[in-house]
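Pasting in a structure now, in structure tokens, and then I'll have a few things to ask.
Note that the chains take the letters A, B, C, D and E in the order they are written out, and that residue 1 is the start of every chain.
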């Protein structure tokens, strides 16, 4: 029974992917991409990796879809022409070659068993019960630290696109939400629920699927709705408070990591302190991730000229 | 213990400094200066510790190889850390005057610190996925700097750079997935211990990905517009340091992680691509009208030099003294290229500030108006051409001698031809500088001109005092690089 | 390997193939970024599927995939904003080297600025 | 097949009905001429369909927590559907007046 | 004692480093520094001469990389060239100081000028092939700005062609060195490598690469194209370049290759002696014929240099001690005589504005000292006793007979005639023809106003002329160039 479900799911995934890439209109392609993202999240659920399913749905389908939609609108505003999909034999052969080889090798070569056992043994010392969070925030904390810095670097790259004279202007697209309208009403209703869900996700991350990134994405979504509805003033790149929010997460992570030096090793979380240290890091990290993701979606500062 | 503290300063310092620069706004450059001083001190401590006790290994979080991430500062890594600090310091000195507007200042200083931090992280990391994240951070900061460029093509160059980089990192990641599936670990030394059927395909994919990131010949289309479009102090960083990260990763993969997964034919293909880069880069540089474009194509060519060593170090010559010479020569060549290329780009930065354009026609006669920076440009060009006295020459000599000893003289002649080509495309700007009537020049403080001169002299000094550089490379070098059998 | 995991591995490889084909053949920049994301999610799916043990997926690949997704998002955001800025400046959505003049450009329904 | 427990039968019946409503909504989407009638079909049919499916699944929930979550999902979906329908309708109206 | 070669090198390296940063108006400092450096260098060379005469061969070693050490070592052959360059550098510095006076960009000029001499000294004192190559390259780099000093189109074109010839030549030498070291390991001049194991074909190719690469600098015929063009450089540069630094470096290199690497016996055994002699002879004749056709004084002297340098190459190509001595001693004699001619050419150009041959008419009356020096130099070049030129030609002739290459005698005879053909008319015009007052022959400076009495220019010319005569007269003494050459040749032929 379950294999049939997986078959249908995989078929759906492939169809959605083909429609997203080969689809006629840009808007249609983006919509199919979001649908594709959801099916991939489902696939992760089927594989039993709930943390990743959450991340894929929230970030892979959600935020990326939002960015794509924003880009489609901007391209349309800029009047960039669309043109039909081109077939191409050589690229097709190359792509099929790589994919075929990868699939063939992945199936033929016996797996080396991965680090399931090592992670299991080290879990009690890691200070958290969820093995994924243990890997993310303890065993491979250095990766996650660099990853949070990557988000900041991406934001700097996006802000670099602003023209010189626009630097003082607030970020984000031109707003045309009707004051007192449905969007504003919604923007008042949703945030409390969103914040509860987000915080729960971060807190639950220690023992069940969840974590800083997934929680941060939900909080970012909440922030976006409030900002797009005009309830919250759109931030400006040179505003001190927003920059502190951006820098808080990585800074705490760095300082906690450095403090490990005194305890005998870089990025060392001694077992009995680990849970407390990881949670403090996670709280600040979530704050920064939410701020960075929201600002990434809002984009570089743009003048308030109406379309 | 002090080694680990020094490494911590070099890894966490730049990242903290970047956050500091973001918050400090106007005082961004001062925060950067503090970080650079700390970084320089840390490199000296590492260098000394390295020579005394061999490579410094750090098990992050105390977890050790399979589960956690291991960092190792061996001779090669410390050499690049030192080169990075020197180049960053020089770029800091010149960039202080350049990025006046709030937008440029608030993006350049944090990004440059992040770039430096990412480079340090990549040089010392022994974990494949950690290398991926470091490489991605390096690329995004580099894209940010290219996007800062004021010229018309800057946005297009940044876009092409990001597209190439995206696909490069994904292809590399595909290789990493296959390695994890085959070996069950991501640590270089543990991968070297085991064998897996997926090694060949994994290495092929990782090499393709890194070749795109290092702008090796067929995948170099993104580099010239990006490095010419970026503001000059930034292109000094981009050309001198960024492609070296991909190259070091390739060297570690091919010769430390999977030495015998590479058939001799593949080694020859890498060197052939390098030769193609030397030829194509050189010929294209001959046809450019703007100085920064010449320097950008020169980077494409000089990167080709680094790949000529592959068939000499691996394959038949593996483990012989010749292989160790070729390896050491190439690394010294990489260090001196970093110093010299940074020097010539910083000269371009000063000249663009002084006369507003880098077209060869407008540069005519600059030797009279700005003698110091023109002399620096000449010195650095000498090193890039591989003429004595310079690090470039020592590198060319060592690799050529190794190629003759190992019975593959063809690759040595490629280097010789490359040197001639470099002389050809550097001659045009040099002759232009020497023309008679100096252009109208906006006053540049003499101290600023001394910065590229210091870098050029460092590149030349690498030619005279190359023994310490050689000893550093040998300390902690993996077996294949010490002339001892694998 | 049970049947469904093999299925996921095959699908993931197919997704990588489709994405790579899309990236290489498309001229429109937005579609190429979209294709990049398809390759990314396919690749992560492959990583997860290969790490499948008994009840769930080996935690290390899970963590790496989460990190990978976030990094992919960061890169996509930069790429998309660059595409937007490039379109605003040049009024086109494809890189010069991809333009083939013989292709008849069908202008979409979007309003002219 | 031995007698299936009552809740399972109900779950199958309810989810089946729910799917039927979804099908109706989709047919409406494809057949109706203009945006407004399509919106009408979608919001009505899909919301009822979702309610039925949620009810069916709720029967399988073991803990109150899961039940609360399913209810939260249903409420959020309803609110979101209503909001989006409003916005799309307004956008269509503005678009028609511009091009009208 | 081992540090002596390094100190000699520093006496021109340090002044170069400091002079670059001296502002233009610091004439006193700049001249003092360079002259001081030159005098100290000459003194140290004399001390070194004493040491080497007693058989001590000081050596200094700076390790660069594995198997790549910079070695400075003084042996009799290197001393011959170092003494020549030290002596002539002092005179040329004096000459250049008064030649330039207040002209612009002097710090740059004197900086590269002393860098160029440092390269020549290093090249002469080099102990291994790779050290020789490092200084060989440094010479090219430091002479480029000197040739392009005037920064006008003509000198930039000359500098361009100079680099166009020199760099491929240096690549040839580098490939030869690396190929040889790939076969026999690091090559030191003190202990000639054992080439028995190497096959004839590679040895011949390596030899051809060496001669080709070094031949560019030694201006052997097909590769001499850059030399006449380099006349666009100011007089002190063309005199130092052609009499001492660049041209002799090439010849010195070939001498090193033939004597200290291959060994005369092996060169003959490989059958390379005769072809080298043929190439040298072709150059000698071709240079003289072209010199005959030149109407500009400096161009004529340039082509004369092309042919004269090949005497040295001819000497090395002839088997037997006399040929060797002839070649070696000509290395010094040609240097002294040619620099005299260039000093005088510079004087005629600077003081009388005479560049073309016909403008020389009657200058003997107004510029007697210069013309006297010029005549001594010219006659020396032709080979008339008692001036030095005669000694080298005699030894070369005897060497030719000794090695059984009789046709070389004919070449020497013919070239002597040709020398006479392009030098004697000059002397005739200077001393016996009346000055031309106007028309194409007249010099821009009115004849009456021509005045040569600038000590800084005339004294060096006179000194070099006297040295040429002294070298000829006291050839027999141990410390004369001939004495040194015999000492070296003795070494080359002893087993």
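We adopt the following convention: a residue touches a chain if its C-beta (ideal position, glycine included) is under 8 Å from a C-beta of that chain, and two chains touch if they have at least 3 such contacts.
What you see is a predicted model, and the numbers here were worked out from it, not measured in a lab.
Chains making contact with subunit A as well as with subunit D: none in this assembly. If you tally contacting C-beta pairs for each pair of chains, A-C comes out on top. The chain occupying the central position, as judged from C-alpha centroids, is B. Note: the chain lying farthest from subunit C is E, by mean C-alpha position. Of all chains, the one whose CA centroid is most distant from that of subunit A is E. With centres taken as mean Cα positions, subunit E sits 69 Å from subunit C.
Centroids of subunit B and subunit E (each the mean of its C-alpha atoms) stand 43 Å apart. Taking each chain's centre as the average of its CA atoms, subunit A and subunit C sit 15 Å apart.
With centres taken as mean Cα positions, subunit C sits 29 Å from subunit B. Within subunit C, contacts with two or more other chains are made by residues 16, 33, 46, 50-51, 60-61, 64, 67, 71, 74-75, 78, 82-83, 85. Within subunit B, the positions touching two or more other chains are listed as 67, 129, 133, 136, 140, 143, 147, 155, 174, 180-181. Chain contacts: subunit E has no residue touching two or more partner chains. In this structure, the chains touch in the following pairs: A-B, A-C, A-D, B-C, B-E.
Subunit B meets subunit E in the complex at residues 321, 325, 328-329, 332, 365, 367-368, 371, 375, 382, 387-389, 393-394, 397-398, 400-401, 404-405, 409, 412-413, 416, 419-420, 423, 427, 431, 434-436, 463-464, 466-467, 470. Residue ranges on subunit A touching subunit C, taken from their complex, read 2-3, 6-7, 10, 13-14, 17-18, 20-22, 25-26, 29-30, 33, 36-37, 40, 43-44, 46-49, 51-52, 55-56, 59-60, 63-64, 67-68, 70-72, 74-88, 91-92, 94-96, 98-100, 102-103, 106-107, 111, 113-116, 119, 131-132, 134-136, 139-140, 143-144, 147, 150-151, 153-154, 157-158, 161, 211, 213, 293, 296-297, 299-300. Residues 98, 101-102, 105-106, 108-109, 111-115, 118-119, 122, 135, 138-143, 145-147, 149-150, 152-154, 156-157, 159-162, 164, 167, 237-238, 240, 243-244, 246-247, 250-251, 254, 257-258, 260-261, 264-269 of subunit A touch subunit B in their complex. The residues of subunit D lying in touch with subunit A in their complex are 72, 76, 79, 83, 86-87, 90.
Listing the residues of subunit C that touch subunit B in their complex gives 16, 23, 29, 32-33, 36, 39-40, 43, 46-47, 50-51, 60-61, 64, 67-68, 71, 74-75, 78-79, 82-83, 85-86, 89-90, 95-97.
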